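Naming follows writing order (A, B, C, D and E), and every chain is counted from residue 1.
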């Protein structure tokens, strides 16, 4: 069924509806309806994603000419994004009920939502940039919700990275806009490809969006911010918001013509490295949300590989894009379910609940690990298909690496399950339906979405009942078991723990050193300089002596002898001038 | 006299007459004074809107009165003039409402409103000036009319600031005068002409460069170009409405507007490029942008931080002028309007804080957002605008400036813009953060008794209005009659006469 | 065409500058004023010699007579000693100490 | 209605006639007679101005006696311009003086203020004689009468400082007069005429003529207080009673300048070589800087204003190098200098009056003591400020027109160094004007308002100063008709 | 040598002597005398010039000028002497203090503080 929906107001409502409750929040009387409506503000967007099956663009007289619309790529992104926003929103209503700061949370949640949905719907560069910025900055309010010192630090680092991202993106946008001569996003990849400043633009784009996407070494904010935020916000951050960076790449980078093997290879290498790096560091974490955050770094790395493929091999563009679409959807839902699950597990009180929650978490974790029949397996299949397009030596290595990455993911998921496994010793909370219902929906979606939607995906899913999908999970599971056994042994004292933020800490250490150098060397030098300046103020004192001398000179003019002499001298001079000159 | 010649005079008269009248009203005739004043402002605004429509349709308004042999007092409205005129007339109304709420505790209302009106008159004169002489004329009267406002409190600090202000301003005026007279002695009276009035004349290059430098230096004092900016932070001693309108908008804009006039309508872009003066100008502007931001970073006094921010932001306009291109022209000119709206909001808010809670330092602002949410919303909007975040007005300016820089191949200017944006964030966001997210160390001690609103409604309404405008000007930039579209109209009229200029 | 100078002219020409010099350099002011009156009268002679009897009369009556009288009257009030002389006038601080005594 | 020659004599006759009733009446009557006379003089000058505007230059032989022995009067644009300046300043100063309380009493029991009236009328007559005289000897007589009246006015209050300053002024003035007279004698000896026009036609450049011209120039420069011959001015103007200071700074120095202007441009323009013109300009330029610099160092208000006069006189002398270069720009420089003289007259008189009011009210003109006076005398402070604006040469003041014209000719004739001096001078003027304002506007730190010694300052004082300051300001807007007036009989052709 | 040349030279000489005396002597009466002497020198020049042509009657114009000049001189003398007396009465001496007064105001202030 195809429905054409071209009324601008409809599209505006998709991004504007979230702002409406946000505006109502300050009014005391309208506060609770606004809070009640919060999750459903994403409903129009979901509706558009479900109903609009053609490319549609509507124009609105906003900013520098706003264009909203959908293409197949963004439709997929909109679908999972809107879904997750609704689920997390419903979840948040219960999770944060009674929290003094819930009103503020709602405000930021809605603003972030508007930004996130808007950037997907945006079909022009300026609006895209606007919504991207809105999302990035508004999410700060979500991150620092708890207000503790550690959270504030995480928030600060998040904000700095967002701002840095802006600093790279804005010039990239400007260069792109000038190169394209239009703000239409359709024209952008070709314009970037044809621009004389292509390397500069691409570099700026990779870094600018890379920060949001948690790319290798640009991910430092991610393991800090995701655990710091309240659980529903973490789900959003990890599930949908980091995908915005990915979407940015897909919309702006010149995928297709021409072949850019160097850039492609770079992305592939960075992606694979991130995939393993995330797991390695994640394994050392003990907080379940930190583990999930590092898992996101790892998973985003895998998606970056697909991007690299598309960059390197123009013919593989469609394959790679499909892979990314499937993978992103899968990861968003799975990660959402996992994050929400952490909160649910915290509230478990009975053993029956414990069992059910455990099963749910296991399902989601297995999906992420890519167990056969799961959405993860489907996504990995697509990814693998895409990698075949790469020239030969790389192709084989890549598929091996991908399988190893699946092992690693399983390992990390095992670590996560161990960390999160509902613990009955903890004080019992009441597990309200507001928490478990949305979570259940998420888990069900993770488990079944590949079968609910296009038939094509379902067939792929059935094909994943293969050894190639099975063995990495099995190996991973074994390793987890072994590791668990080792870990529980009394003699085992080796418990590596890399602090969240990893390389950032190196940077901070470096800054600290610089600070010490400043205190030790620069400040004394500066003081010496200013002392010198004070000394030259003494010079000024001498100048006032000149002033006094001048004034005394005026006093001298008063005497008749001087005055008369001057008179005579002037007379003589004047005469000489008249006669001689 | 024809109507079209009369209207510019009426625009001036609409503010000069009530101002002069107010000097002779008793200090206790507060009600009469206010009504007189507001009435005048509405008349002025109506006149300006009337003119605006006429200019849009291509009509011309010109008043010419010979003042000296060869020197005319010339008022002439064009699209560029209207932008500045609209800014000054619109903000005058808003600021007056604010001043009514603010001035209660300060003495000498008559004097204040009188000179305030005279300042606005000078600004209107600057906007409408049709030749260099008239521009200079109002440039100096603006100095004179603002001095009493700076020293209004009559404290030692205020008077010291007034002296500094006066010295800078008169020195700047002298340089401008030198440039104007020199040019006039070379080519006769110089009228502002879209596309440049010196186009097609064969003149000595080095003399022209010197004249250009003199004029820019003279105008640069009021624009607070580095290193001529020293007076601006000192002038912040004035009462808040003055800082808001006069020193964030009128005076500094007078300089920036003058630079726009000189570059586009006296020399013309083509000649400027030939003379090679634009690159140094863009360097000066860039230096100022960065320098102002760096200085702002370390100020704890709110108004001083805002003042240094003004130093920085004004040079955006100059930078836009110095980069040859349609987009940069639009960006620079539209920033005239946008910066005014945003900065006035910030100063309004700073004034509200000082007036209501006695807060003047940033370190005292922790948690103030809870006490005064509406004020801080306005403040935050203006801050976001200043930083250049979409969808606020500042983004539009910055976007066009950046596009212009890219078009002209001056990528380094983009780097300057980005650096400035980062610095803007560095000195503005901590304020916003402290206001919303921190907890006040000590409870606020109110200077103003709490009323129905968080502060006097006359104080709050102007701040919210300009904050709203900041949003609207950005959000609806693409619609007709937005400042952006008007600037595009100006740019079109300024640049179409010389299409060859715009090549790289 | 011009009248050539006679012996009387030359005599007068020699005396006038001398007299003027004495008027200005004599220490005692009374003497100086007396010399000045003489100088004025001498001028009356010259005016007659130069065929200007009207001026001569005026000079004798006003230039020498009235001026002299005024000068003498003043000296009667302020004393006649001028110790400063030409040299001491070079010193900026001026007036001699004894002028205050008289 | 306009009988030829009737108007031209009245500006001279009226003040002289008024002296008789003034001597016959008591103090208050004297003031009233003077005010009526002042009004009459203003009317007479206006009549003359109208006549000149409609009929061109006017000449008149007094009593029907022609030259050489008779007294010839001559009025052209410049004369009328100067007469107007004198009439405006003189009339308003009379108003001011009527409210002013002179200090010290005369030894004959009559108050010293009484003598102000006849002496000021005498001064006025002398000025008008000077501005209307058509021969160089009558100019001399005007000059001498002026000096005597001026010194008498300075010493009116019998204060020690004023007496000493007056004596110095008298001696300097007579030295200048003698130099001038010697020059006149030499010229007459050489060319056998005193008439300005005839002399201009006959004059030959040779050594005795050069000596004569230089004697005349230096003599008048001394009287105009051109640097470095200005030593007598600050003490005299600073210590005189306020109305007198106003008259002196505004009018008396302009009279000798007027003389120089007439002689240089109408009688011996051939002798105005570039070198000598540059010398005069240079001295003027140094005077601007020197006077302003010293004004900035003063701690007393009236002394500061007096030094400002030294500086402003310097501007007048810039006219010579600027106007003597080429005809086209000479007009600008010449008009600019004259216009500056007019604007300065009004502004400086207003400034002295305002300063005098403040000093009179608080019993001191120490700058440090002026804090808080604004609250009590806002009009005087306003007058002071507006006059200061004209001194700074900022629009819309009359000083600006003068500055603009001078600058224009400086740059057009390529003498940019004078342009720099002009601008530096206005910066320095800004410096001392704002210095004064900073002292005056300062609110005393303790809330208690200052107690002025003479709280009941007559409003006349404030009004007069403000009126004059407004005229100084308004001159900037009236340039076109004023310059048109100046052009009548202007010594430049081809304009 | 003509009579006119002789007197012209002499008058210049006398004028110079007077000028020197005026400048060099501090006593006020001496200065007044010097002014009179300088004046008379100029008169001499004028009157002798009036009689340059022996055939014609003397030119009346210089005579008129000199007569006026004498009156002016005597007025000056009278007035200057009156001031001298007043200065003497107030300061006890007939000299002008040489470093006076506007400039020294500043120094006095400093002392007062």
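By our rule, a residue touches a chain if its C-beta (ideal position, glycine included) is under 8 Å from a C-beta of that chain, and two chains touch if they have at least 3 such contacts.
Quick caveat: nothing in here was measured; it's all calculated off a predicted structure.
No other two chains have as many C-beta pairs in contact as C-E. In this assembly, the chain whose C-alpha centre lies farthest from chain A is C. Chain closest to the overall centre, judged by the mean of its C-alpha atoms against the mean of all protein C-alpha atoms: B.
In whole angstrom, the spacing between the mean C-alpha positions of chain B and chain D is 42.
Rounded to whole angstrom, the centroid-to-centroid distance between chain D and chain E, based on C-alpha atoms, equals 25 Å. Chain centres here are Cα averages; for chain A and chain B they lie 38 Å apart. In whole angstrom, the spacing between the mean C-alpha positions of chain C and chain E is 11.
Counting partners per residue, chain A has 551, 554, 558-561, 563-564 as the residues that reach two or more other chains.
Contact with two or more other chains is made by residues 89-90, 92 of chain C. In chain D, the residues that touch at least two other chains are 168, 171, 175, 235, 294, 297. Those residues of chain D lying in contact with chain A across their complex are 168, 171-172, 175, 179, 207, 210-211, 213-215, 217-218, 221-222, 228-231, 235, 271, 273-276, 279, 283, 290, 293-294, 297.
Touching chain D in their complex are the following residues of chain E: 8, 15, 22, 28, 31, 35, 38-39, 41-42, 45-46, 49, 59-62, 64-65, 68-69, 72, 75-76, 79-80, 83-84, 86-87, 90-91, 96-97, 100-103, 105-106, 109. Interface residues of chain B, counted against chain D in their complex, comprise 66-69, 71, 136-137, 140-141, 143-144, 147, 151, 153-156, 159-160, 162-163, 166-167, 170-171, 173-175, 177-178, 181-182, 184-185.
Contact residues on chain A toward chain E in their complex (touch as defined above): 551, 554-555, 558-561, 563-565, 568.
Within the complex, the chain D residues that touch chain E are 68-69, 137, 141, 144, 148, 151-152, 155, 158, 160-161, 163-168, 170-171, 174-175, 178, 181-182, 185-186, 188-189, 192, 194, 234-235, 238-239, 294, 297-300, 303, 306-307, 366, 368.
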